[in-house]
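Heads up, the next two complexes both have chain A, just with different partners, chain B and then chain C.
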Partner chain A sequence: MSMQLGILIAVFLFPGGLFALALGLILKGLDRRVAARLQGRIGPPLRQPFYDLIKLAFKRTMVPTFANQPVFLGAPLVGVVSMLLAVALVPLSGVYDPNPILGNLIVLLYILMIPAVVLMIAGSSSASPYGAIGFSREMTLMLAYEAPIVLVVLAVAMRVGMAQGEVMTFSLTEIIAYQRANGIFLLDPVMWPALAAFALFFPANLGIIPFDIPEAETEVLEGPLLEYTGPALGLFKVMSALKAVVVLSLGIALFAPLNLGGVWGFLGWLLELTLLMEFGVTAVRLSMGRMRIDQAFAFFLKWPLLLATASVVTVALAT
Partner chain B sequence: MSASLSESFTIPVGPLHVALEEPMYFRVDVEGETITGVDINAGHVHRGIEYLATKRSLAQNVVLTERICSLCSNSHPESFALAVETIGGLKVPERGAYLRVIAGELKRVASNLFNVAILAHLVGYEALFMHVMQVREDAQDLKEAVFGNRMNLGAICIGGTRYDLDGETTDIFVASLDRLEPKIREILSTYKTNGSIQRRTREVGVLRTDDAEACGVVGPVARASGLHHDIREAAPYHVYDRLPPEVLVLEEGDVWSRALIRLHEALDAIRILRAALKDLPDGPVNLGEIPEIPPGRAVSRSEAPRGELLYYLKTGETEEPERLKWRVPSFPNWDALTFMLNGAKVADIAIIVNSIDPCISCTER
Partner chain C sequence: MTMISKLKSMAVKSPWIYRINAGSCNGCDVEMATTALIPRYDVERLGCQYCGSPRHADIVLISGPLTRGVVDAALKVFAEIPDPKVTVAVGVCPISGGIFRESYAILAPIDQYFPVDVNVPGCPPRPQAIIEGIAQAVAIWRDRL
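Here is the complex of A and B:
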């Protein structure tokens, strides 16, 4: 009984569910606020994403006449559920260890792809030509960043696994334990190619400039999200807030888990998350423009893939 | 490279589209991400201003034409006044002619910066957008300081200008230009070198010289496609024979070169402003009371920020004109979009449309 209870708490309260949602929304508010300050604007209050969500919750959901209604309304639900599970899968060094029954890094990788798939389904079920373009772009982008991230995870798994006499380990808990004992991968030159490839992957996975191509507002009017209104759109916002927490904390777990525990470990993790949001998301999306989908595709086949391949090779040679 | 959908489909761009500031409508046939056909549809917001103009007296029409478009709000009454002065045989006092140049060139600085800022917004480079708009704000402040208004200057009247510069205002003007110029130079070098801008604008929306000639494009669009054409130089009005513009002509014909031409012209406008402020002669700024304008017909041309603006005026026995017609620069440039958009990517539609700096409120008169 207590195991089920623990999993339920992890999925719905902490670190997943309500906590992750609030954290994701605050991070989003922070991102908007800091971006505004960097551009010489005042910007919205930190709690603006909460206001947006509450407003959407009380609006009507409209379904386009030609849309496939069950799919159209089901897609955001699937997205939110997948992200609730994903948050519970990422350990928080010294604070939270996911129950192994939930799954390992490979499961997490699969779940991480669901939001993109959900957006594709949403775009194609909305019967809007912009949704269709968004679908095609989302798919192209996913094909482009999928290979590098798998190789990055492989590199990390090999680094930890080979040190323990196995070939590789896909348990994030073990990966964190290894780093707590032997120093974080952020400071390990062997892991730098993997780190660089991951740094290029996560803007694409989070859909921020320069890779917000599927939803580019000035090109395809938010693409898949164009026809969504009210609570359904709100669910997409919930999904993207949760996803931000998942992807950022995955980055922390893979490369820089703190060797702390308890309250300090939690506060340190929050600080890392905030710094990663500011430097990895806000600064990146402000310092460049959007790529075209063909440019992004070519880019991912070049640098991240090269770096990710190099990371696997260096890990194999170094260990 | 992009995953193309097997079937081709038609997407509507406009009449209301977040990336287009004004209502215009394109039916775009798309195959995957590539445009295979464009149908440009005008007339969504017919405004009936030409009809309205025949119900107003000539003096009232100066006010009316100023409200045709906010960004070239000085060029419209300017051209209209030129046409009236041609029919009436009026000679604008020299100081008035200089002041008209000053008003027009200041509007050009702000208008060109605005368009270049929107380009940054469309490629998703929000920080650059904000910066350019901030620099434009300096030009807006200057307009407010000199004319009392930020957009509609109210500078032009038949026979001269309605405003005058005193010593103090001239000092403010010059100091403000000194602040503005290095900032615009910096923006120009950013647009020349920035990777994000180049990636999305070079070799995008190319208009070849012969196509440009066939469409009769004007203004920065023409000059970016290798056509040496500037009314200020070809048919100098006011005192442009004494303050000739430096006409920059580029051959590439892409969105990037159009942006560079606009920035160059903003800098050149500052040079002209400085020269005009320095040479500003003494004397009256307008003719005072205007004699009755006889029946007649006239055509006048001026170089608005977007290119050649042409006015046709026919006066009769009454105070109201019998016919007033204008051809705005966006009209021929709009047509050239067919050439620019064909074969382009869906992602570039808004960028290409913006590159002609379309002004729909002028065009759908």
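Here is the complex of A and C:
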């Protein structure tokens, strides 16, 4: 009984659910605020994403005449549920360990794909030509970044697994335990190619500026989200807030878990998350322009794939 | 204050803006872009955000004298915007036709076609005037929520 209760708390309260949602929204607010300050503006308050969500809840939901209504309204729900599960799957070093029954790194990789699939379904079910363009761009981008991230995860799994006498381990808890004992992968030269490939992957997965091609509001008017109004659009905002927390904390778990516990471990994790958001997301999106979809596709099949393959080879040779 | 009215007063801090160019000469559009985008008149601090899709919008800024060629498309886009919404007419053209007045090609004043809530006159209006128009629109929007 207590196991079920623990899982429910992990999914709905901490570190998933309400906590992750609040954290994701505050990170988003911080991102907008810092972006404004870097441009010499004052910027919105930190609570702005909360105001946006409340506003969206008051608006009317409209479904286009030719849209497939159940799919159109069901897609954002699937996205939010998948991300709630994903947050509960990522451990916080020294603070939270997910119950092994929830799944391991492979399950997490599958769940991380769902938001992109949900956006594709949303775009194609909305019966809008812009949604269809967004659908095709989202799919192209996903095909491009999926291979490097799988190889990065493989490299980390091999590094930890071979040290323990197995071929590879896909338990994030074991990966964190190994790094706590032997130093974090951020400072391990063997893992630097994997780290670089991950750094190139996560802007694409979060859909921020060099790779926000599917939702480019100046070209395809927010693509898959074009036809969504009110609460349904709010669910997409919830999904992307949760996804930011999942992807950033996955990066922390794979490469830089802190060797701390309890309150200090939690505060350190928050600090790492904020730094990663500011330098990995805000600074990147302000200093670049948007790529074309063919450029992004060629880019991902060149550098991240090369780096990720190199990381698997170096890990295999180094251990 | 009840819970709902508390939530409503938070909701009005997030007015999303959509622009419809109804045959404008682009002067007012430049002023509108200026209002939001340059550091000096940052409207994002009021929670405003330009959105690409009319489906996401709360406040509509219409500029131009409503030419005959654009009227159907403009009405169609206006109908796409979900209620509750507020309409702001920017520039002198929507009021009287401005320099295009008495032309056979325009249908101004546009309040024959759109329920205009706030007029911001000027050719083009100053950014401060547009911001004030948006602020008045937000006050009207509060009552409609």
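Here, the second predicted complex is superposed on the first by the 319 of 319 C-alpha atoms of A that agree within 3 Å, B and C clash if a C-alpha of one lies under 4 Å from a C-alpha of the other, contacts with A are read in each partner's own complex, and residues count from 1 in each chain.
Convention: a contact is a pair of C-beta atoms (placed from the backbone, for glycine too) under 8 Å apart; a residue touches a chain by one contact, two chains touch by 3 or more.
Keep in mind it's a predicted model, so treat the numbers as computed, not measured.
Peer 1: Scan A:41 for contacts with chain B and chain C and give back first, second, both or neither.
Peer 2: In the superposed model, A:41 contacts both chain B and chain C.
Peer 1: In the overlay, answer first, second, both or neither for which of chain B and chain C A:213 touches.
Peer 2: The first partner, chain B, only.
Peer 1: Touch test for A:221: chain B only (first), chain C only (second), both, or neither?
Peer 2: It touches chain B and chain C both.
Peer 1: Could you say whether A:261 touches chain B, chain C, both of them, or neither, answering first, second, both or neither?
Peer 2: neither
Peer 1: Kindly classify A:133 by the partners it touches after superposition: chain B alone (first), chain C alone (second), both, or neither?
Peer 2: A:133 sits against chain B, while chain C stays out of touch.
Peer 1: Determine, under the contact definition given at the top, whether A:233 touches first (chain B), second (chain C), both, or neither.
Peer 2: Only chain C; A:233 stays clear of chain B.
Peer 1: Check whether A:290 is in contact with chain B, with chain C, with both or with neither, and answer first, second, both or neither.
Peer 2: In the superposed model, A:290 contacts chain B only, not chain C.
Peer 1: Go through the superposed model and pick first if A:54 touches only chain B, second if only chain C, both, or neither.
Peer 2: The answer is second: A:54 touches chain C but not chain B.
Peer 1: Across the two complexes, what residues of chain A are contacted by chain B and by chain C?
Peer 2: Correct list for chain A: 39-41, 217-218, 221.
Peer 1: Can you list the chain A residues touching chain C in their complex?
Peer 2: Going through chain A, the ones touching chain C are 32, 36, 39-45, 48, 50-52, 54-55, 57-62, 217-218, 221-222, 225-230, 233.
Peer 1: In the complex, go through chain C and note every residue touching chain A.
Peer 2: 7-8, 10-14, 16, 39, 42, 44-47, 51-53, 55-56, 58, 82-84, 145
Peer 1: Note which residues of chain B are touching chain A in the complex, please.
Peer 2: 1-5, 9-12, 17-19, 30, 32-33, 120-128, 130-131, 134, 195-197, 199-200, 345-350
Peer 1: Could you please specify the touching residues of chain A with respect to chain B in the complex?
Peer 2: Within the complex, chain A touches chain B at residues 35, 38-41, 129-130, 132-133, 136-137, 139-140, 143, 209-210, 212-213, 216-221, 285-295, 297-298.
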